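Residue numbering begins at 1 within each chain, and the chains themselves are lettered A, B, C and D in the order written.
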Amino acid sequence: MASPKFTAPDGMPRKNEVDEFYDSVAEADLQPLWTQMGIMPETPPLAAIPYAWKWKTLKELAERSGELIPIDRGGDRRVLSLSNPGLAGQPFATQTLWGAVQYLGPGEVAPAHRHTAAALRFVIEGSGVWTLVNGDPVPMAPGDLVLTPCWSWHEHHNPGNTPMIWFDALDLPLVRSLDAIFFENGPDRMVNRAVDPASRSELTFGNGAGLVPFEESEKQAFSPLFAYRWKDTDRTLTTLMKLSNDGTAALKFVDPTRGIDVMPTMRCSMHRVSAGASTRKFRRNGSSIWVTYRGSAIVSIGEDRFHLDEGDMFAVPSWCSFSIEATQDADFFCTSDAPAMEALGLARTEYLD
Amino acid sequence: MASPKFTAPDGMPRKNEVDEFYDSVAEADLQPLWTQMGIMPETPPLAAIPYAWKWKTLKELAERSGELIPIDRGGDRRVLSLSNPGLAGQPFATQTLWGAVQYLGPGEVAPAHRHTAAALRFVIEGSGVWTLVNGDPVPMAPGDLVLTPCWSWHEHHNPGNTPMIWFDALDLPLVRSLDAIFFENGPDRMVNRAVDPASRSELTFGNGAGLVPFEESEKQAFSPLFAYRWKDTDRTLTTLMKLSNDGTAALKFVDPTRGIDVMPTMRCSMHRVSAGASTRKFRRNGSSIWVTYRGSAIVSIGEDRFHLDEGDMFAVPSWCSFSIEATQDADFFCTSDAPAMEALGLARTEYLD
Amino acid sequence: MASPKFTAPDGMPRKNEVDEFYDSVAEADLQPLWTQMGIMPETPPLAAIPYAWKWKTLKELAERSGELIPIDRGGDRRVLSLSNPGLAGQPFATQTLWGAVQYLGPGEVAPAHRHTAAALRFVIEGSGVWTLVNGDPVPMAPGDLVLTPCWSWHEHHNPGNTPMIWFDALDLPLVRSLDAIFFENGPDRMVNRAVDPASRSELTFGNGAGLVPFEESEKQAFSPLFAYRWKDTDRTLTTLMKLSNDGTAALKFVDPTRGIDVMPTMRCSMHRVSAGASTRKFRRNGSSIWVTYRGSAIVSIGEDRFHLDEGDMFAVPSWCSFSIEATQDADFFCTSDAPAMEALGLARTEYLD
Amino acid sequence: MASPKFTAPDGMPRKNEVDEFYDSVAEADLQPLWTQMGIMPETPPLAAIPYAWKWKTLKELAERSGELIPIDRGGDRRVLSLSNPGLAGQPFATQTLWGAVQYLGPGEVAPAHRHTAAALRFVIEGSGVWTLVNGDPVPMAPGDLVLTPCWSWHEHHNPGNTPMIWFDALDLPLVRSLDAIFFENGPDRMVNRAVDPASRSELTFGNGAGLVPFEESEKQAFSPLFAYRWKDTDRTLTTLMKLSNDGTAALKFVDPTRGIDVMPTMRCSMHRVSAGASTRKFRRNGSSIWVTYRGSAIVSIGEDRFHLDEGDMFAVPSWCSFSIEATQDADFFCTSDAPAMEALGLARTEYLD
């Protein structure tokens, strides 16, 4: 390992002693703190930058990957990850979150695996796909949020005639930072599996606000409800908007048996902004990825402004100011690392308006 | 205070000393433990007894009270309480729970008050009534559960043409035991109040499983959702029954923001038993009141068996074995003191089949 | 059951109808709410009254019971319970708490039993006694707090030459109200059991603030630490008094593995007031029993004032104002139902100074 | 950003299309998942390696830094960090933890600052130093654990005649991964500050197991007790060893008001192993740093074995098997990221013996 060099200001005889000292330090697999002043900056250093990806490009490339990358070349997880230009070539949207578009063509199957990195899907286009989560078939449709939590088996099936494209988010960078990655491939895929219109998870836990099975099942670290349907999400936003006095409404997706975030590392929420309305400007410690599901808006992230339309995705890095100004009625899906920051005592939020 | 007398077995001279001692003890406002052997029996002593009240009688008397007891004679809370014959004339259904039928005639109003005893309503018959809970108008219809938690203002309005009869339950005996009763009458009643089809509470917290407002409001000791609608309850039971393999299904009503019981002293649940099916036989520490909302059944409580039809109510005392055998498809509303028993470390359940 | 009678003001023909109605109501095991106006008073009705018991009397009668009541006449639990004159002859100090003095003579043994009512001992006089709690021998000495939580086996042994007198408190009235009493006699008593100077419970959990075994044992509803020693209590009060600016200091005894109250139904605390200093005047919902362990004071409870000396005990009923004015440096042990009131959402406190 | 290249196996015409596609993907700031197979390995990849640092070297270099690096060259935080050879020159002991030795000479002061990275000190040698934590002076002595939690002000003072060397640990790599670093320099240092033998924090919260102030202060994310003294730690280990049947004993340092880990990101524990005894062999997800405080041992980490003596430090990376075999009676201080792993639902432990 190279020794960090200390440059004495004057070339005095002590210089050699110091240099020798630094050599000894490096040789002992130590490093002086005082030569690494940048290691604790006053505020989170902007590595990940405010950034947006246009749906037009995402979709074109996803479709093109469908043509070019068959199953035997890796197409069983045909995923294009959002690669934040500030992160030195790493395939991550922010410091803690992976974001991507996944494309599954007609008749294709993404075979079973599981990993400790938690994942979620927010469907943008297509129909007829279902995901098998721990043996429970979960149909997918646009606007739906589908969870495949930490260490849960999952495989994707498209028995239909049209491709599906969805947004994938994982806490992969976070779990990698914690050196906590485990991964396992599943057994051979199933075929000809019949799918009910609702998963067992939904039949058990998705029946209505405050209505849960009388007998409690054992708690896991994540929600036992794996799918949140657009119909319900949309109705809820419509209802909350009635009570709103600033043209914005937002809901949080939670574990219906505990009211806490769906997964311990990722908060999921949906935000509606009426044409002409704006959200409050704030910044928080930790990052998020957003998907413009409907409408269009100007989004301000730090010093940058992005004009966004349906399907466009964007990354909000840690401690960047953030606000949305809708130019048409707009809906946004958001996922963030907020539950992790809160659990670790690190969350802070500052309103700037 | 009378002194408990100790009868010496032999009439020896010591007798007088002991009597004198007991006199001194009583005079000092003390009591010997050893003369009160019954104070800690081996199992909960059966004071409240297994008991059932027939809907036919309840309804007749409720209607009769509507005719005979006008507002100025107490009719502003026209309530007939279930008086368990084991409880020595106290107006309580069990040792910890008050149960009652309340009747509100067309055009009548039960004016505002609040109390630390928590209350709930489960509607049996009628339409058009609404309850104002802390200023939020909550419409009521058959099968609905409506909460008026500890210290929340509530008043009932019947602007329609038909009477309504509902089941009232309170934790009044429990709160009295704790010497924790507070009561306050409200200001003059409102008139001509317009009522939305759903309360603000429902618009905010009742939109769907796992969908809550993004911004958390301050937590209180009880659910912020005040109404659970029969339509949702019925659909949930139907769904859960699909997954059932014994012809029974049951749901618990919970605070949608935390997944815990709706109130810290009262658990609320709804139980469906298919014709010919039976529930498991068990007993638990603590009591409950049940309302037969639909169908008919034979209910075994301790050594007693009751044939029950729609509207019939029954009390299950502490540590009495209990099971339901449906003779027709049947639905039951139940409220119990289970959350209190659990919070105080006293809950125990024993299955007997 | 007798029918509550409605006295019509005018003797009109309707009188009979109403009387008949009330007869029918009573016959159906129902009771009208409107004839029971006192059932929900505006504030907790004063049943238990502010009251004090003098140590001189308590001790004399305890010793006298030692002479007069041998083992075979009930002396195996030679307990004189504080009987609040407001509670109609019930052997309870307050509505929720049992208090008593227990006397165990030299060579005597109180054999094993257990009950769901939780108990605690606060030792006033004597030495050499130990209590076996779930098989763990716990020595007792003046100023010590010893727990025998819900459903834990306990037996008391006095192998020494001097009697011991301690204060007993149980949540018995509360547990009776909940109909949750279970009781079981133990097997034959052990003899010649060697006792270590500290219990296994203390060796495991009593080593110091914030120092617990690395491997967590399964949590129960109560503290795994069964004894809190006077030496530690005294030192803590001395330390806290150094930081105090009003001449008072108070500590709470908690479960060292969770920081919560030692038992879910009873809070335990120790209060020191310097000569001439006073505690704040307040009232709370729920009751407490206090033991003057050292010093003397004037205690104001509601409208009453008591002059108290070492060993004197007193009861503070629900919602009575309360303050202590020390005439000599004074220490008080207190137990209350506060954790139950808090768990059930019923706690309220009002400061009055 | 360079495009990851796909090498077609056959040089067919499609090759150009695919290359063009990859170029487009890279240009759009996207990355294909299927070319990054290593991103989710089956178990945590061994980046940080099992490693040990010898006290002899640490001490020599620390002392040498005291001679060579005066205050104006960075000596106000004279810290040599343990640099794990597997971490590519980063100054971190493991993937989530910073470890270091800090040297403070006689008469020196390390001025006030605070940061969101949480820190702790475990003192190895010296006397007379105190740390000011949020205005509360905390004396330091060998074997003491002193906390400076997230965002708490801290400065170190050595008014004595001898240097002090202590072990520093921070969750810095973890907090950096989360992009949650904040840092602030304090105001000018205080001088001539008188120090009590115990901090206010200890006077308030450090009095004994299960004894806390009666009035609760507001909870923060970390322990209100900032110092855990060797005397107490040693006595606790001695006591726990009496109950041990395998020659090992271990304690966890916890928040005395809640029983949870002292800080949400770092578990602290102390482990005693008798000469000849061994700890169980296990591995866990997440990493730790250990300090040999007393005695000597052979430590097995993964495939490596280290002979360790007093003062030696070592790093246990994620998912490496680990066990200690004491060659003399030995005590170890340990800090790990376990609370973070547990809070995020990622903890897993496997016993291997």
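Here, contacts are C-beta pairs under 8 Å (C-beta built on N, C-alpha and C of every residue); 3 or more make two chains touch, one makes a residue touch a chain.
Since this is a predicted model, take the numbers as computed values, not measurements.
Asks: Applying the touch definition from the top, give me the chains sitting in contact with each of subunit A and subunit B.
Replies: Expected: no chain.
Asks: Just the number, please: Cα centre separation of subunit B and subunit C in whole Å.
Replies: The separation of the two C-alpha centroids amounts to 29 Å.
Asks: I'd like to verify one number: the distance from the centre of subunit A to the centre of subunit C, where each centre is the average of its C-alpha atoms, in whole angstrom.
Replies: 54
Asks: Enumerate the residues of subunit A that touch no fewer than two other chains.
Replies: Not one residue of subunit A touches more than one other chain, so the list is empty.
Asks: All pairs of touching chains?
Replies: A-B, A-D, B-C, C-D
Asks: Write out the stretch or stretches of subunit A touching subunit B in their complex.
Replies: 200, 203-215, 223, 225, 228, 232-233, 235-236, 239-240, 242-243, 250-259, 262, 269, 271
Asks: Note which residues of subunit C are touching subunit B in the complex, please.
Replies: 1-2, 6, 14, 17-18, 21, 24-25, 28-36, 39-45, 47-48, 51, 53, 57-58, 61, 64-65, 68-69, 73-75, 77-85, 89, 91, 94-96, 100, 115-117, 150, 172-184, 221-222, 263-265, 285-287, 317-319, 337, 340-341, 343-346, 348
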